[in-house]
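Same chain, two partners: chain A is paired with chain B first, then with chain C.
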Partner chain A sequence: MSNEEPKGLKAWLLTTDHKKIAILYLYTAAVFFIVALLLAVLMRTELLTSDKLIFGPKLYNVFFTIHGAAMVLFWMIPVLLGFFANYLIPLMIGARDVAFPRLNSLSYWFYAASGVIAVLGLLLPGRLDIGWTGYPPYSITTEANTALYIFAVHLLGASSIGGAVNFITTIITMRAPGMTWGRLNLAVWGFFGAFIIQLIGVPVLAAAVTLLLFDRYLGTNFYDAAQGGSPVLYQHLFWFYAHPAVYVVALPVFGIVSEIISTFSRKKVFGYTSMVVAIMIITVLGFETWIHHLYVAGVANWSRVIFMWATILIGVPTGIKIFNWLATLHKGSIRLTTPMLYALGFISLFTIGGVTGIANGLLGFDIHVHDTHWVVAHFHYVLALSMTMLCIGGVYFWFPKMTGRMYNENMGKLAFWITLLGSLVAFMPHFKLGLDGIPRRYWSIPEVYSSMMIISTIFSYIAIAGFILAIYNLIVSAINGEKAGDNPWRAKSLEWSIPSPPPFYNFEKIPVIEEGPYEYGKPGS
Partner chain B sequence: MYRFVITATTSMAVLFFIFFLTVAEAVDPAESWQKHYNLWFIISIIIWLTVTVPLVYFVFRYKKKREDEDGAYIEGSTFLEITWTGIPIIITIVLGVQSWALFNQYRKVPQDAYEVRVEGFQYGYEMIYSEGIKTLNELRVPVGPVKLSMISKDVIHNFAIPKYKVREDMIPGRMTYQWFLAKEPGEHMVYCAELCGPGHSQMLAKVIVMEKNDFNSWVESYKIESSALSPEERGKNLVKNLGCTSCHSLDGEEIAGASFKGYYGGASILEDGSTVTVDDAYIEESIKNPKAKVVKGYDPFMQPYSLPDEDIKAITAYLKTLK
Partner chain C sequence: MSSENALHHEHEHHEVELSVWPLVIGLASLLIPFAFMAAFQWSSPVIGLLLTGVSVVLLLIGCFGWASEVYSKNQDVGLSKIAILIFIISEILLFGGLFGGYFYNMLPAEVWPPANTPDHVPPLGLALFLSIFLLSSSGTIHVAEMKLEKGDMGGFKGWLCLTIILGLLFIIGQAKEWAGLIGEGFTVSTNAFGTFFFTITGFHGSHVIVGLILQIFVLLLGSRITKKSHTIVKATGYYWHFVDGIWLLVLSLMYILPYYGI
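This part shows the complex of A and B:
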C-alpha cells in the first residue's frame, strides 16, 4: 500500500482508513441524532395539551419508538463506538490502523443500512409502534411491520459484532512498543470494556429478535403462551443485552471524561488503577442486572432480590470514578474551555441520573415508579443530559485534532449553557409525574399536570436549540475556524504528538512509549 | 485487620436487624414506601452535594494562574480509595436491606385479603368477583386488604394503582398477583403501565373502595339492577366500559377510529373503494371481525371482541341514539 492519501468522493465511500470511517460514523450518527431531536419536538408539542393537538395516539407511539431506537441504537452507541473508538484507539495505542480495516468499513455500511431501514419504519405503511423494546405479544399481533425493526437490529448486530472483534483484537495486539496495559488511556479502557459487552450481549439480542421473527411470520410459538411459549422469555433475552447496552454507552463516556478532566486540570488522573478496576467491575456486573427491567413482570420473587443487589452495587464503582475525578481537580490548574464545561457539567448531572438510577434499582422503591415518568426523567438525565452532552464535549475536545482548526470558544460555551438550562428544567416535572404514578408512553397526560407539561415542552425546545447551536458552531468552524496547530491543549496523550489533521498513515515512525498519557507536572521532567 | 472485620460484621448484623424492624412495623406497603423514599431522598441530596460542592469549589480555587502552569503531581491515595469504596457500600447495603424488607411486604398477602380476579384486554379490565359478578373497568372492593389475581387475554398489560403504590404486569398464560390495603372509602385511578397499543393511554379504570356494608348491599343489588336497564342504557355502559371510546369519540372528533357521532345509518368508503352502509349487520361484523371491512384512512389495529349477541344488540341500539 502506498503512503499517498487517496482523494475525492470515491476515496470516502471506499475508504478503509479508520479516521475517515470514524468521520462517516460521526456524520451518519449526527443525522439520526437530528431526526430523533425532531421527533422529540413533535412529541413535546403534542403533549402541550391533554387533548389531541397535532397527530394523536397512533403517530405518537410511532414517534417514541423511532425516537428511542434512533437515540440509543443509531446515535449514542455509534457515536461512541463508531466515531470516538474508531478515531482514537489507533492514535492512542500508536497503531497505523485497526486490525481488520476492511471489516471496519463493512461494519460502517451495515450500520448505515440498518439506520435507513429503521427510518423506513417511520415512513412506510405499517409504521413501527412497538416501542424500541418491541415486546411480544404486541409486536406479533400489531399491524406494524415488525420485520423492518428485526432486520434493522440484525444488520446493526452484525455491525456491532464486527466492530467488537476488530477493536478488541486491535487493542490486544497492535499496541506500540512500550504501550503496556498500565499506560493505556482511560478512554481506551472504556472502549475495551464496552466492546467486550457488545461481543457477549449482541448475539443474545439477535437471538431474541430472530425468535420474534419466526413467531410473527413462520408460525412458531416461542413467545406464544397459548402454545406453551412465554412472552416474558423475550424480555429476559432482550434486556440481557439492552441493559448492558447502557454501560456500552457509559464506559466510553467515563473514559472521555477522564481525558478531558486530566488535560484541562493539567494533572495526572487520580487513582488510575482504581479507575481501570471500576471499568472492569462495571463490565462484568452489568450482565447481572437485567431483571430490574422485569421487577413487575411476575418473575420469581427471589430473582428480583438477587438482581436488586447486583444493580445497586453498580453504584459503588461508578462512585469511585466520580470521586477520582473530583480528586483529579484538586490542586490542578483548571482551564474552563468548552470541553471542560461539558465534562464538569457531566459529573454534576450524571450524579442526579445516578442516584435516581439507584432508586429504580431498589426493588421496593421501583414497584411504585416502574414504567412511569420517573423512569423517563431518570434515563433522560443519564442519556440525554449527561452522556449526549458529553459526546458533544468530546467532539469539541478532539475537533482541533480532526480538522486542524479551532472552534469558536464563546459560541461553544453559550451552546453549553443553553443546553444545560433547557434539559435541566425540561425533565424535572417528569420526576413529579412519576412519583404520582403517571405511566410513560401516554400521548395524553391528565389535565392537572398541564402547566408542568408546558414548562417541560418550552425548556425542551431550549435544550434542542442549544444542541443545534453546538453543531452549527462545529460546522462553521470546520470551514472557517482559525488554524489550531498540532497540540493546542498542550496535552500529553499520544494522539496529540502527531500533526493535525493526522496524516493518512498516522505515525511516520511507530513510537516507542516511555510513560503514561497523563504525566502532567511530573517532577524532574 | 482482625478487629476491623469483627467490627464491620457486627455492625452489619445490627443494621440488618434494625432495618427489617423499621419497615416491618407498618402493615401498609404504601406507608413503608413513603419511609423508604424519604431515606433515599435524604441520602441522595447528601451525595449530590458531596459531589457538586467540592466540584464548584475546586473550579474556583484551582483556576489556572499562569498559562504554562501544571497541577500538582499526585498519583492517588489508597486511604481515599478505600474510603469512597467503603462508604458507598454501606449506603448501598442500608438502602438495599430496607428495600428488600419493603418488597417482602409487597409480596406477602394477608390471610384475610378479599380476592378479585382481573383480566386485562385491549383496552380495558374485566373484574371477576367470587360472588359471580363481573364488572368492566370498575373494581369495587370492601375496606381492608385486597388481593388481585391477574392475567391478560391478549398482549401484556399492567394494573397500576398509584394511590396504593402498587403495580404488576398482566401477562397472557401466567397468573400474577398483587395486594394493597384499602384503608378508607374512596375512588382512585388505575392505569395500564405497559405499552399495549394505540389505546394504551386510555386504558384506565377505577378502584372504588366501599364500607363493608355498602359493598355487601352492592353485591346483592347488582344483578337486579343490570337486568332493569334498557338496551340503550346497557349499550352506553358497554361502549364506555369496553374502552371503545379510546379510539371512537362520541363528539365527532377523529381519534384512531371513526367517531360514533352520527355513525349509524351513514355510509363509509372502504380501503378497496367500495361503499358500505353502517347498519346492524356491519356493526356486528365490525365488532366480531374488525379487519373484514376497514374504512379508508384508518389503520386496521382494532382487535376482535367476542361479545354475546344481546350485548351487540345493546351497543347497536345505543349507537342509533348518537345523532
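This part shows the complex of A and C:
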C-alpha cells in the first residue's frame, strides 16, 4: 500500500482509475475526430466541381460512410460518455472511482478494438461504402466487407452496455453522504439519461446488425423480401436506437452547457427541477420518434402521424432548456471565457438546427426533403457542429482541473470565432440544395450550384481550421501552460474543491454534502 | 447499500490498482471479427478456426485472472446484484428487438408459418418436455440460495449441481431438436419462420449456456463463497430466473402459437 502513483506506459494501459481511462477515451476519440475531419476535407474538395476532381464516386461513398460513422460512433458518443462522464461522475458525486473499475477499463478496450475494426473498414480491400446506416439490401449485396461494420458496432455495443451498467450502478449507489438526487449536477443527470438510453437502445441495434450478419453470411432471410423477410425491419430496429442516440449525445451536452453557463454567470441554474424533468422526459420520448426516419419507407399512415406528433412534442422539453439557459444568463455577472463562448455558440447553432428539425418532423415537409441535402444541413447544425463545439468548450472548461494548467485564452477565443464563422456559413447552401430536391450522398452536385459549393467548401475549411487550432492550443497548454490553481473559475461544484489535477483517490476524505452545486451569490462565494 | 461499500470506507492509504485482465479480454474480442472474416469473407476457415481458438483461450485466461484478482483482494462489495438487474434490462431489450422483428414479419402474413414449413414444425412436444427441466431448475437454484443463507454449504453445492445438470439436459435436448430439424431439411434458409425460429431459440440457448458457465464458475469458487460473501450467487440466480422467464416467451411465441398456425 502506498500513496505513490505509478508512471509510464504501464500505468496507462493497465489503469483502472476512471480519470486515466477518461483521458484514454479523449485521446482516442480525438484521433477519430481528426481522421473524420480529414475525410470531410476530402469530400468537400471533391464537391468543388461537378466533374471528378480527385477521387470520384467510389471513394466518395467510402468517405462519407467512415466520416459519418467515425463522427457519431467514435467521436461524439465516446467523448461524452467515455471521456466526460468517466472523468466527471465520480468527482461530482463524491466517489473515489466507479462501481466497477475493471469493467470500466474493459469498456475502453472494447471501444479501442472497435476502432481498429472501423479503421480497417477504411483501409482493407472491400472498403465500407454502405453509409453509416448500413441499410440492406445494399449492405448485403455489396462487395464491401459488411462484417467489419457489424463487428465494429458489436464491440462498441459491448463497450456501451458495460459503461451503462457501470455508471448507472455508480450513480445509484456511490453518491457521497448528503448527495441527494436533488443536489446532483445537471451534467450527472444528463449522463444518467444518456446511459439509460444506451442500456435500452444499444441491444436493439446489436440485434439489427446481428441479423444483418446472418443474412449476409449465413443465408437467413430477415431482410429479404422475396423470402418473407423485410428490409424495412432493419430500418425500424436501426432507428429505434439511432434516433435516441441523438439524445445520448444531446443530454450530456445539455448538462455541460448548464455547468458552464451557471459558472460564468455566477448564478444558480434557472429552474433546476424543470431541467431534470426535461431530461427524463426526453429520455422516454426519445424512443417514441424513430419512425420519422421511415416516413417514405412505406409505413402505415397512422404511425406516421403519431410519430410526427411525438417528434414535435420533444421540442417542448428542449425549448424549456433553452429558455432556462437564457433565464440563467439574465442579470448574471457574465464572463466571456472560451468555454462560455462555446456554450453560447452552441445555443445559437442548436437553435437553428432545432427549428429546422421541427420542420423536418412535419410529415408533408419531410416527404419533400427526405434524403436530400436539407437533412445534411439540418443534422450538421443541430448535432454535428453545435455539439462538437460544445464538447471542445467542455474540454476547455475542465482543462485546468485535469492538467492543473491554464490554456491560452486568446488563442482559445480566436479558434472559437473561426469555427463559428465557418460552421454558420458552410452548411447554409445545403438547405437550398435540399429544398431544390438534390439528394444527399452524391459525389457530384449539378453545375448550377457551383458557386454555392465553392462557398460551402471554403467555409468548411475555415471551420475545420478552427477545430485544429482549438486542439493545438490544448496540446501546447497542457505542456507549458501557466499553473491554474485548484479552482480558477471559483466554481461551486464538488470537482473544483479538490486539487488540480486530482489525486488518483480523488478525495482525501469522502465529503459530506450540504448544498447543491450552483449555490452562487451567497456571502463568501 | 452504500454503507456496505468498501470504497466508502476511509483508508489511511490509497492503493493504485493496475489490472491487465481487461486488456487481455479486449484483445480476445478483437480476434473474433478476424476469425469470422477469415472464415466467411476471405474463405479460409482453417485460419478462422485457429483464431477462434486463440481468442477463446485468451478469453478464459482473462476471465479467470480477473476473477481471482477480485477475490484475492476481497473486493466483492455487493454492487453486482444491482448491476446484473440493470444488465438484464438490456438483455430484455435484445430479445424485445428479436421478437419485435418476428411480429413484424408474422402479423401481416396470410399463412403462418409459411406454406413450405414441414408439418411437424415446430416440435412442440419435445419443447414442452424440455421446459420441465428448465423451469424446475429455477426452483432448484432458489433452494440452493436458501441453503447458502442458512450456512449449509453442502446443501448449497448439491442443489447448485442439480441446477447445472438440469440446464445441461435442456441444452442437450435442444441440440438434438436442432439436429433433427436440420436433418429433415428445415433450416435457417427455408423461410422467414425458419430464420426466426433458429435465431431466437439460438439466442436463448446461448443465454442458457452463459448462465451455466456462471453457475459452474460459482461452483469452482468453492470456499470463497460464504454466507456473507455471496453477491455472485445472487447475481447468477437473477440471471438464471431471467433466462427462464425468456424461455416462457420463446415457448409460447415460437412453439405453441405457430403449432396452432398463428
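What we mean here is this: the second predicted complex is superposed on the first by the 519 of 525 C-alpha atoms of A that agree within 3 Å, B and C clash if a C-alpha of one lies under 4 Å from a C-alpha of the other, contacts with A are read in each partner's own complex, and residues count from 1 in each chain.
We adopt the following convention: contacts are C-beta pairs under 8 Å (C-beta built on N, C-alpha and C of every residue); 3 or more make two chains touch, one makes a residue touch a chain.
These numbers were taken from a predicted model, which means no experiment stands behind them.
Visitor: Should the superposition on chain A be reported as showing a clash between chain B and chain C, or a fit?
Guide: fit
Visitor: Give one of first, second, both or neither to describe whether A:174 is in contact with chain B, with chain C, with both, or with none.
Guide: Touch partner of A:174: chain C, not chain B.
Visitor: Of the two partner chains, chain B (first) and chain C (second), which one does A:230 touch, if any: first, second, both, or neither?
Guide: both
Visitor: Looking at A:10, would you say it contacts chain B, chain C, both, or neither? Reply first, second, both or neither.
Guide: second
Visitor: Should A:268 be classified as contacting the first partner (chain B), the second (chain C), both, or neither?
Guide: In the superposition, A:268 touches chain B alone.
Visitor: Under the stated touch criterion, which partner chain does A:52 make contact with: chain B (first), chain C (second), both, or neither?
Guide: After superposing on A, A:52 lies in contact with chain B but is clear of chain C.
Visitor: To be precise, I mean the smallest distance between any C-alpha of chain B and any C-alpha of chain C in the superposed model; what is it in Å?
Guide: Closest C-alpha pair between chain B and chain C: 12 Å.
Visitor: Where on chain A do the contacts from chain B and from chain C line up?
Guide: Comparing the two interfaces on chain A, one with chain B and one with chain C, the shared residues are 230.
Visitor: Which part of chain A faces chain B closely enough to touch in the complex?
Guide: 52, 56-58, 61, 129-131, 133, 135-138, 141-143, 225-226, 230-232, 265-268, 270-274, 296-298, 301, 304-305, 308-309, 312-313, 315-316, 319-320, 322-324, 326-327, 329-336, 344, 347-348, 351-352, 355-356, 358-359, 362-365, 367-368, 370-372, 435-444, 520-523
Visitor: Which of the residues in chain B end up touching chain A in this complex?
Guide: 29, 32-33, 36-37, 40, 43-44, 47-48, 51-52, 54-55, 58-59, 62-65, 69-77, 80-81, 84-85, 88-89, 92, 95-96, 98-103, 105-107, 154-156, 158, 160-163, 165-169, 171-176, 191-202, 253-256, 299-301, 303
Visitor: Residue numbers of chain A touching chain C in their complex, please.
Guide: Chain A reaches chain C through residues 1-6, 10-11, 13-17, 95-97, 99-103, 105-106, 108-110, 112-113, 116-117, 126, 145, 147-148, 151, 155, 158, 161, 164-166, 168-169, 172-175, 177, 199-204, 206-208, 211, 214, 217-222, 227-230, 233, 236-237, 240, 503-505, 509-510.
Visitor: Over in the complex, which chain C residues touch chain A? Could you list them?
Guide: 1-2, 5, 7-8, 10, 13-23, 25-27, 29-30, 32-33, 36-37, 40-41, 66, 69-70, 79-80, 82-83, 86-87, 89-91, 93-94, 96-98, 100-101, 104-105, 109, 114, 187-189, 191-196, 198-199
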